[in-house]
Each structure stands twice: as structure tokens, then as C-alpha cells.
Amino acid sequence: MAPLGEKTKSLLRDVSTATLTTALFKRGLRNVFLAGLRPVNPRAARMVGEAFTLRYIPAREDLDRIDVYQDPKHPQRAAIEAVPPGHVMVMDCRNDARAASGGGILMTRLMVRGAAGAVTDGGLRDTPEIAELDFPVFCRAPSAPLNLAVHHAVDMGVPIACAGVAVYPGDLIVGDGDGVVCLPRHLADEVAAEGWEQERKERFLTMKIRKGAPLVGTYPPNEATTAEYKKWLADGEPEL
Amino acid sequence: MAPLGEKTKSLLRDVSTATLTTALFKRGLRNVFLAGLRPVNPRAARMVGEAFTLRYIPAREDLDRIDVYQDPKHPQRAAIEAVPPGHVMVMDCRNDARAASGGGILMTRLMVRGAAGAVTDGGLRDTPEIAELDFPVFCRAPSAPLNLAVHHAVDMGVPIACAGVAVYPGDLIVGDGDGVVCLPRHLADEVAAEGWEQERKERFLTMKIRKGAPLVGTYPPNEATTAEYKKWLADGEPEL
Amino acid sequence: MAPLGEKTKSLLRDVSTATLTTALFKRGLRNVFLAGLRPVNPRAARMVGEAFTLRYIPAREDLDRIDVYQDPKHPQRAAIEAVPPGHVMVMDCRNDARAASGGGILMTRLMVRGAAGAVTDGGLRDTPEIAELDFPVFCRAPSAPLNLAVHHAVDMGVPIACAGVAVYPGDLIVGDGDGVVCLPRHLADEVAAEGWEQERKERFLTMKIRKGAPLVGTYPPNEATTAEYKKWLADGEPEL
Amino acid sequence: MAPLGEKTKSLLRDVSTATLTTALFKRGLRNVFLAGLRPVNPRAARMVGEAFTLRYIPAREDLDRIDVYQDPKHPQRAAIEAVPPGHVMVMDCRNDARAASGGGILMTRLMVRGAAGAVTDGGLRDTPEIAELDFPVFCRAPSAPLNLAVHHAVDMGVPIACAGVAVYPGDLIVGDGDGVVCLPRHLADEVAAEGWEQERKERFLTMKIRKGAPLVGTYPPNEATTAEYKKWLADGEPEL
Amino acid sequence: MAPLGEKTKSLLRDVSTATLTTALFKRGLRNVFLAGLRPVNPRAARMVGEAFTLRYIPAREDLDRIDVYQDPKHPQRAAIEAVPPGHVMVMDCRNDARAASGGGILMTRLMVRGAAGAVTDGGLRDTPEIAELDFPVFCRAPSAPLNLAVHHAVDMGVPIACAGVAVYPGDLIVGDGDGVVCLPRHLADEVAAEGWEQERKERFLTMKIRKGAPLVGTYPPNEATTAEYKKWLADGEPEL
Amino acid sequence: MAPLGEKTKSLLRDVSTATLTTALFKRGLRNVFLAGLRPVNPRAARMVGEAFTLRYIPAREDLDRIDVYQDPKHPQRAAIEAVPPGHVMVMDCRNDARAASGGGILMTRLMVRGAAGAVTDGGLRDTPEIAELDFPVFCRAPSAPLNLAVHHAVDMGVPIACAGVAVYPGDLIVGDGDGVVCLPRHLADEVAAEGWEQERKERFLTMKIRKGAPLVGTYPPNEATTAEYKKWLADGEPEL
């Protein structure tokens, strides 16, 4: 597949996850929201990037000992070093937050390497430290135990489940204060454009609602409101 | 039933949900707290109003399509426009937060119309925007997907379940930082008065505890403490 | 068992719960994190103290009436007055947050009495008030109903379950922004010392990672990094 | 809507719930299976009938007292007497099996009145007795407490949720050993016919598989297998 | 407390758990059913006996090693040997069925010692073997792992939680095909007598319903039905 | 790895899952039981075979359409045809039983091909039909919807999670009436031999217990009992 245009990513940075779910719903996709994940740093929740996946299975005591990290090719560590710049690391922890899937040092390394963010449906440790980073990270819950206590990193770059949603490598992962949406790669361009337009329209409609317009005729807009909207666009999108 | 006196609402604005649950417990009601709901804007958690109910059932793909909103009588939109001023919109989403039961525009419209707040045991979208409103809104979790993905608004003004609690139209819905309590209408006047007195007493007792008084004799108060309390009231309720 | 040295507690105040779980994992202990508990006041999450336990079982309507508090020996109230200074009150509520296990007055009394904090796997009421205290309190969720609605305080000073973890009286209870860890008493001295060293090392390694060092060779450190670390220690631990 | 033809019901008695879900999936309906419900009497799991709905909300102690049944119009009792012959009573208990939604006497009365079965997403009491009836009853779990302990029957004949699925009055409710499916009324005739044909085909394909045919070419059938199937039909559907 | 009369136990053997919950509901007790427990051998579900309690907390790897059973005073083994004849062993496993709280040998020993049954809200192992015993045993689920993997037996003879219900030593534990009810000791005599009468009445009413009587007037019975019932009693309780 | 000796499998057919978990617990493995799975046909629960794995992720509406089965290489169908004789098909459905991971035709095909059984942590459809097969199949729950409604088969022969346990291809999968255990391949020979001996000893000890021996001295056996056991072995293992 051709590299994703920077245009699409740029547009998506102004599109909310709410708007994306509606655009995908119109295309028949109802299960695209990674339910129950929260941003560790709410001031850095805005996130757009292609998915780079890492899959965990349950730990086994004889395999998952503290010395496994002596192996420089350990899949968790290798994955951190393999995420391409601009990508989001997405981790499948089977929705199990009894242990962390990473901590402050790994999230810092991801940020330094230019990743666009990180998402896990497991836990994260060192969350007070991560909350200070200007880097989007989403998890199910803070959780102090190291990943080896519950999770075993097994492979990367494969399709995974994350928070009940299918994530294929290369899908667009978009985050904001509501949470995280997975936008299938082949729909990214058209949904980004449509979503950007929708955001602009909702900005206008919200101003109308704030000033007392009723829902009927406004949301969704009828012909009169649509005409008014077009005029507003022509007028340079002023505050109402 | 006669309209609720403004006095009762006014008193309730100074009564915590904790105090209300105790007053209702004394009357044999143990299941009045809508467990697991959080305020979207913690600075606007204080809420008092009569319940106006909206009931959702699960969505069905052939009925719940994006074009249903073209119908100006769609129950969700109609309900928003029907909530009387001073009432709280309470939504039964079967405790399912996989989708939103509303978003920024609908909550803004409710606020503009003079509603006292909104409560849902489902999700809400556009929560960063809602968190900026000076309007009490409680939900189970932020959730980006539009309600049609999971929920079907079916009727309003009927008794419902919300977060495991029975809510009858007209019941008093009270919210604060602990969450939301449903206070049956017929008990509202007496519980409001009793709760207001209890809050005043607890303000006094808390000052005593802060200054080192032991629980025994203070909480609950014995005769000596009760006498001291009466004197404090007579003295004009000074800081201790 | 001999009283715990103040040195150990002092060291633990600088050790994160994440680091503690790793030290315990190395010793074969995998289930030490009280999953799902959050600090009521995130600015006061740092907590270290010995466990003083209180056990609840389910309430029964004929036994758990509002007048039980007239008994000055009621186990909940007695427990609050019995927590030794420097100890953490740990409450077993069977992970059930449908009701509170305490509120503002009880937490204030604990603070005034010199307790080191409080932990419950149930709910807490008056959380807006507790969030203003400079006192570490962890719970599963805010919950307005009084404990009698769901819980019955039955005995204190016995081994309990809290959030899925065994807590024996005298174990070290350590809290921070990630949550709460139970550190068995007999391991406290050695784990405190090891943890304190590990924190110092991670401070150094984090600086290295921030400046662009790769994970391989740094985390965990190879011989070169270890030598560099020793030099950094000798140099007086400067900012890098 | 016109009364449902007896032909459609008759066909459905030979169609499994598995086959029905596939036919509905082809039409875009993915959420039609009432997950987690089991037949009380597995020998009487086969059930077909139109839905007659009853809705429960949570009980409230002052309203749900034992004397409510003195009212001959109590909604639960009235609903039992109102189910038309051939219909299935479907009860919305919010997936909460902490109490029963009925017991042996009510299920016996339903049977005597000619109902086609009963379905609840709550509990049922007297299950050993109900298991002896030749009458299809499905529930989430056996549960001894009377419904008033947790549930309040509120209205009948309205659209409801049952086990996470939308059930509209008049929908076809079909049960077998796998559980219960809700088949929307407007699709009943065509799905019944298609399902009946599919069952016949699967009977043939299963015999082929038992005799060693591989999945490829058989399930789904290729042209050769389809031709063989047609011959088998022409031959009078013999055992293979 | 005086020993329980054999008369009360004898009556209770003919009273269903459903009937007991209703009698306790009338006395204000709503939470007496141990939800979610099933008989291992459904043909041996009828059980009546006083509670003898055993409490488990979570296991800790350094304390719960296989060699603990070398200690003849290990609480789990000691408890089995301490259950008085006619009593029911009730185990608090915090509703966690990830491991067994006993197996075939322990259940056999209980039976041989004359216990009236066993109840656990955890798992049980060797369930195929236990299902062959003529001995009532209830658990949450079959579960092969030995208790040490998850549970630590800590003390006996104390009030416990079992399946969400308070169980005090000496309470009456009654089981049947619906599950298990805890009947507080001080109510046992009067509830046994009332329940026995209610069972007799329901036997009569069930015969009426089977023969076509409507619910109204029959269940609950009106004056005419009550008169008919009295005559039936006088007639020697014949089959109708 | 060398092929597994038939001797080991043969021994394992006489070893219960309970005994296996104890042997693995002694070796430090505590998480080997696939919690919550039940045999569809309880008379055919005995199962031993190497794991052949199939992994599912969540379905996506545009990818998981009914026509995917026209592709003879569809992973689910390909996996069924690829399971080697004597192996157990183990499916990772993320513990989600909202849809089936197979049905009667696929299970029949597995049986005909000589597989040793099938295990899924999702649902299964056509369970009444599967319950008639003399073939061990374990699932979380009966569930009518086809897998495409919720699941997407993605790859086979990789390490997976099943019911919370790590399953590596080639591990021994053992089932009985208690459920399913995963026995790591490298431990199979020694655990099989040890387990077989343990079963023989427990047969003896159970007879002792049935005849009235106390737990102390018998379970675990002291020297005297051990001597008695050796004599029993020498005597040809008679019924006691």
C-alpha cells in the first residue's frame, strides 16, 4: 500500500474521534472505538498515526523471568525500537490491566524516537511520570506490576485485538479526550476529508445552538440552515 | 402531584448525596445511588432537579440508520426539546457505555433550554467540550460512537432503570462529586429539610474532629456534644 | 516481630510502587498490587505505613441499622480509634464499591490521629472533601451510600483480602500515583534498600534515554552503561 | 400487521437458532442472539412464538412489598393472564439474575393458557419443578428470591431489551438447545422459508462430512456438490 | 444459643429455597440467596444444616507452598476434621473460582464424618467424582487447580461472606435445585414452620393452576380459594 | 522437538486435570487451567492431544462477510483441514462467547479427520448435535451466531491465549469433567509419569478415607500410611 499522505494525517488532527465513528458508521463499521481506554496525560490526548502492533499472550512462569531482558531481541524491547516515526504503538494485552505493558522509560524512548503515541488495552506503570510527557499514551488503567507478571510479548506487526477492536498494521489510530478510534487504512483519505468538513459544520451548528437555535432544523440542518452555513463559509467563518 | 416547592430544591443544593443516602436508609431505602457515574465537568457537579426520563433499548441495524434524524420527531431529539426547565434528563442505556447517549451539541441545547443537568448510565461523546460547559452532566464513561451504534431511543416520560436504580418521572435527581442519588418525589420535602439540618450539624462536628475530638461522643454526638452544638447554633455558627 | 526501623520507611518514601513490584517479582511474588484502587487526592498519593486491617462482610438488614453507631465499640468506629500512628488503615470490602467504607469525618479523624493513610477496596463518600485533605486515601470509586447499606464491619487486626491481594497486619503498604502495593513485612528492609538503589539507577537511565540512548545497552544497562553509571554516582549524580 | 401465517411458525419449528442467525447476518443483522440464556428443561427447548413483552425496572422498598399481589391488576400477574396463545412471554430484567422473574406456578399457568414459552434475562425460581414441565422456558440462572426483592414489573407490550437484544412485540422468538434468537416480524416469512431449505441442505452436507468429505467443495458446496444435492433431493432425501 | 431442635431441621427439609426467601423478605431480609452456586450432584441438592465457616484470603507464593499440608494443623484440613455432624461447611473464597477450595477426598471425608453438606463460592476439583457422591455440595464452577494456587485458608468459625451473603456460624444453610439460602439462626424456628405451611398451600394451589384456575383469586388465594384450601386440608390433602 | 511418545499420551489418559495442576504447581506453574470452559458432551470429556492453535481477532464488517467462505483458503476452514491426527484444535476467541467459533459440521469434520478434540474460549453453535458426538469439545457457552458476527480467523500455529492461559503449539492439552489444562510440552513426559503414580496413590487413599481414615496421616500420607500403600501395591492393588 502506498505511504499515507501527510495531508490525511494533517486533516485528521482536527477531526474528533466522535466524528470519525459517525463517518465509519455510515460505511457500515460499528465497532471501531477502543472502549475503556483513557489518556494518561489529558493535555496530550490528540494523536494521529499508523498502527504498529505488538501482541502479548499470558505469561508463563518458566519463560517470563526477569533475565529475559538480557536478550537484546526480546520482543517488547525490539518492538519499541522498531516503531517507525509517526506511528502509534498499539498493544494487545487482552484487556487485562493487572500488569503494565510498559512504563516511563519505554514511553520516553518511544517519544524520543518520534513515535506518534502509544495505546494499550492493559495497564501502564510510572503513570505520574508519563503524565508529564508531552506524548499521547492511552491505557486501561495505571498498574504497577511489570508486564512479565501477567503478559508475554510474542510478536509484532500482526493484526491484533485491542480493547475489542480489530487493528491491522497501518490502520490509522486517532485519539482525543474521548478515547481512541481505529480507522481502516483504505478509508483514511476519504474519511479524513469528510470528517474535516463535518467538524467545520459542527463548529457552525454549535454556535447556532449556543445562541438558542432548536435542534429541529439545525441538527441535522434543514435547507435554510444549510444555506446559512454556506453563507457563513463564504463570509470567512466568523464567530457568531 | 403538586409542583415541587422551590424551597425544597433550594435546600437540596446544600445537601450532599452522602447525607441523602443516609436519610433514605433511615426510611428503608437502600438502593438509591446511581453507582459508577462520574461528572464530566467536576467543577459543575452540583445538580438538583426533577427527573425527565428517556429510555433506550438495543439498536437494530435496519431501524437505526443515520437518516433517522431526518425525522424531527425522533425520540432522542424530541426528548431534548421536551425537558422542562429545571429538570434533569435521565437516560436508561442499560449501563452500556459502548456508545454515547449524547454529545456536545445536545448537552449544549439542554443547557440553553434551562435544564438542570443530564445523567446517563451509558457513554457520552465530545466530553472535552462538555467538560467546558458550566452544566452538570454525569455518565459512565466517555465514548465516541454515536448512540445509533448500540442504542435506540424508544420512549420518554416512563419509569426507567438508571445505573441499577429505579427512576420515576418527577423524582428528585441530586448530584455532587460523589455521584448521583435519586430521591423519590414523595419524600423530597422532608428529606430536604432533614438533610439540610444534618449538613449543618456535620459542619460543626467536622470542625470538632479537626481539632482533635475523638469519634466516641462526637460522631454520633452524645448529650454533651449535642448541647455544645446547640450553643454553637445560638452563637451564630462561628468557625471553631 | 521487632518494630520496623524508621530507615526502611524513609527509604520507601522514595521508591515507586512499580519498582517494588519488580523487586517482589524477583523474589517469586507476583500478586502484590491492589488492582483498581485510585488516590482520592492525587496530590497526596505518596504513602508508606504498616497495615492495620479492618474486615467487612455483607450487611444484614436486622443487624445493620442506623442505631448501631450508638454503640461506642462498633467495630468500624473502634478501628478508626485503634490505628497506631504511622499505620495505614486497610479495609476489606470484598471489592464492592456499591457503598462507602468511610467518609470525610472518619478520614479526618484518621489524619488527626497520625495515621499514614487509608486504603479500601470498596467505595468512599464525601470524596470532594477528602480530596482537599493532605492525607493519602485510596478507594475503588466514590460512592455515596453509608457502609451499613452494603457492608458490616466485623473484626480488625486479622489477615484480609484487599483488592485481590493478601494483606497481613504489619505488612508495609506503599502508595503512589500508580496505586497501592503490599510489601510483606519480612522483606521490607531488603526490598526498601534495593528499591532505593534501583530508583537512583532509573533516574540516571531515564536521563540517558531522554538524550537519545537506545534501549539495548541502556535498559537493562550493559557493562559500559554500568561503568558510566558508577562514574555518575562518583561525580555526585549531576543532571545530564 | 397481518397475523403471522401458521405456515411460517411451522417451518421455524424445524430451523435451528444457528441457521437463523446466519440468515439474519446476511441481511445485516448481527445482534439477534439473546446471549447467556439456557433452557430450564433441555428436553423442551424447541420454541417458536410471537413475543409478548413484560418490562421490569429495579425494585424500590416502599413500592415493592409483599402485599402488592393483592392487587389483581399487578403488572406481572396481569401480563401472565394477557399473553395470547402461541406467544412467548419475554421479560426484560436488565440481565440481572439476583432474583427470579417468575416461578413454578406462573410458568404452569402460562403453559395451561397455551403460551408457546417464556424467556427472561433474569432468574427463575422453582427450577426443579419447571424442569419437569413440557414447556420451553429460558433464563439466565436459577435464582430463589422472589422478583420483588430486585425487580418491579412496570409495563407490558412495549419494545424491550432482553439479554442485550432489542425485542419488539410480535417479533418471532425461536429457541433450541443453543439458546434464543429474536427474528424481526417483517423478516419472518422469508427467513423461515430460507432457513428451512438451509436445514435440509445441512442435513445432506453433514452426512457427506460424516462419510469423509473435506470441507473444501462441501461446506460451502461447490457446483459438483450442489448437483449431488439436487439429485439427493430428487431421490427423496435418503440416508447416505 | 440453645441447640437447634431437630424438628426445625426436619421441617426445613420440605421447604424450598424459593419459599424461604419469601418468608425472609416479609421480615425485611432481601439478601439471603448465595447467587450463582450450583449443586455438583443435582440429585443430591437437598441440604439442611448449621453453618460451619472457613475463610480464605488470597494466596501468597512464599506462604502457600505444597509442603504446608505436612502441618496437621493446616486450617483447611483442620476445618474438615472440625465440622460437627449435621453441619454444612461454608467456605468464603471471595467468589473466585480460579482455583478449587476442595476436591474429592475432602468432600468424601466430610460425608463420612456426617456433615450435612458443603458450600463454596470458589471452585471445586474432582467434580466428576463428587457428582457420584450422595452428598450435597455447591460451588461456583468446577476448577481443577489446587486451592494453594489462589487461596489461603486462614481461620474458621468466624462470620464470613459467601457469594455476597453474610453467613454467621450456626445460621441455617438450606440448599435445593435453585441454589443455597442462608437463614439466620434466630429466625429458623418460626420460618421453618411458616415455610412448611406455605409449601403445603402451594401444593394445593399448583394443582388448581394445573387444572385451569386463573391467577386472580388463586395466587394469592382469595377468600373462596382459602375456604376451598381449608376443606382440602380437612379432606386429607387428596390429589385434585 | 522430537515427536511425543505415545507412552506419555497413554499415561495422561488416566491422569485428571486436578492432578496435573498440582504437579505443575510444584514446578512453579500456577496458571495452567483454562478457566470457565465446559465439555459440550460430558460423557466425552476425556481428552489428550498436542495443541494445534487458531487465532481469532474481532470481526470487521467490510472484511467478514458471508462470502469469505468461498475462499477455500479461509483460515478457519484451512485450520480444520490442517489439524494433525491426535492433536487438539485450540481456538483463541478472546474469551468472547457472543458468537460461535464453530458448529456441528466443523466439529464432525475434526472428528472424522482424527483430531483428539477441540477447545475454544468462545462459543459453539449446534451444541445439541455436538453433544451427540463421541468427541471431546470444550467451549465457554453455547452460542448460535456464526463466527463472522464477532470473530475473524487470522492465523494458525502461533502461540495464543486461551481462557487466560498461554498455549504454545505442541503443548499437551488435557481435558476431563473439571475442564482443560495446558501442560507445557517440555514437562509432558515427567509430569505424565508422576501424575499416573499420583492417581494410583489417590485411588488407595480415597478408599481409606471412604472407610473412615482421618485426613491427618492419610492425606498427605505419613510413614505408616505410605508403608501400607506399598504393601497394597505389592498385593496387586485390591479393592479395600
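Details
By written order: A, B, C, D, E and F. Residues from 1 in each chain.
Quick note on the criterion: a residue touches a chain if its C-beta (ideal position, glycine included) is under 8 Å from a C-beta of that chain, and two chains touch if they have at least 3 such contacts.
This structure is a prediction, so every number in the text was calculated from the model and none was measured.
Graph distance from subunit C to subunit D, where chains that touch are one step apart, equals 2. Listed here as common contacts of subunit B and subunit C: A. Ranked by separation of Cα centres from subunit C, the top chain is D.
A separation of 32 Å divides the Cα centre of subunit E from that of subunit F. Subunit D has its Cα centroid 40 Å from the Cα centroid of subunit A. Of all residues in subunit C, those that touch two or more other chains are 30.
Pairwise chain contacts in this structure: A-B, A-C, A-F, B-C, B-D, C-E, D-E, D-F, E-F. Residues 27-31, 57-63, 94-95, 152, 154-155, 158-161, 164-166, 184 of subunit A are the ones that touch subunit F when the two sit in their complex. Those residues of subunit B whose C-beta lies close enough to touch subunit A in the complex are 66, 69-70, 72, 77, 80-81, 97-100, 103-106, 108-109, 112, 125-128, 131, 141-146, 148-150.
The residues of subunit E lying in touch with subunit D in their complex are 16-18, 20-22, 25-26, 30, 32-33, 35-36, 38, 45, 176-179, 181, 202, 205-206, 209-210, 212, 214-217, 219-220.
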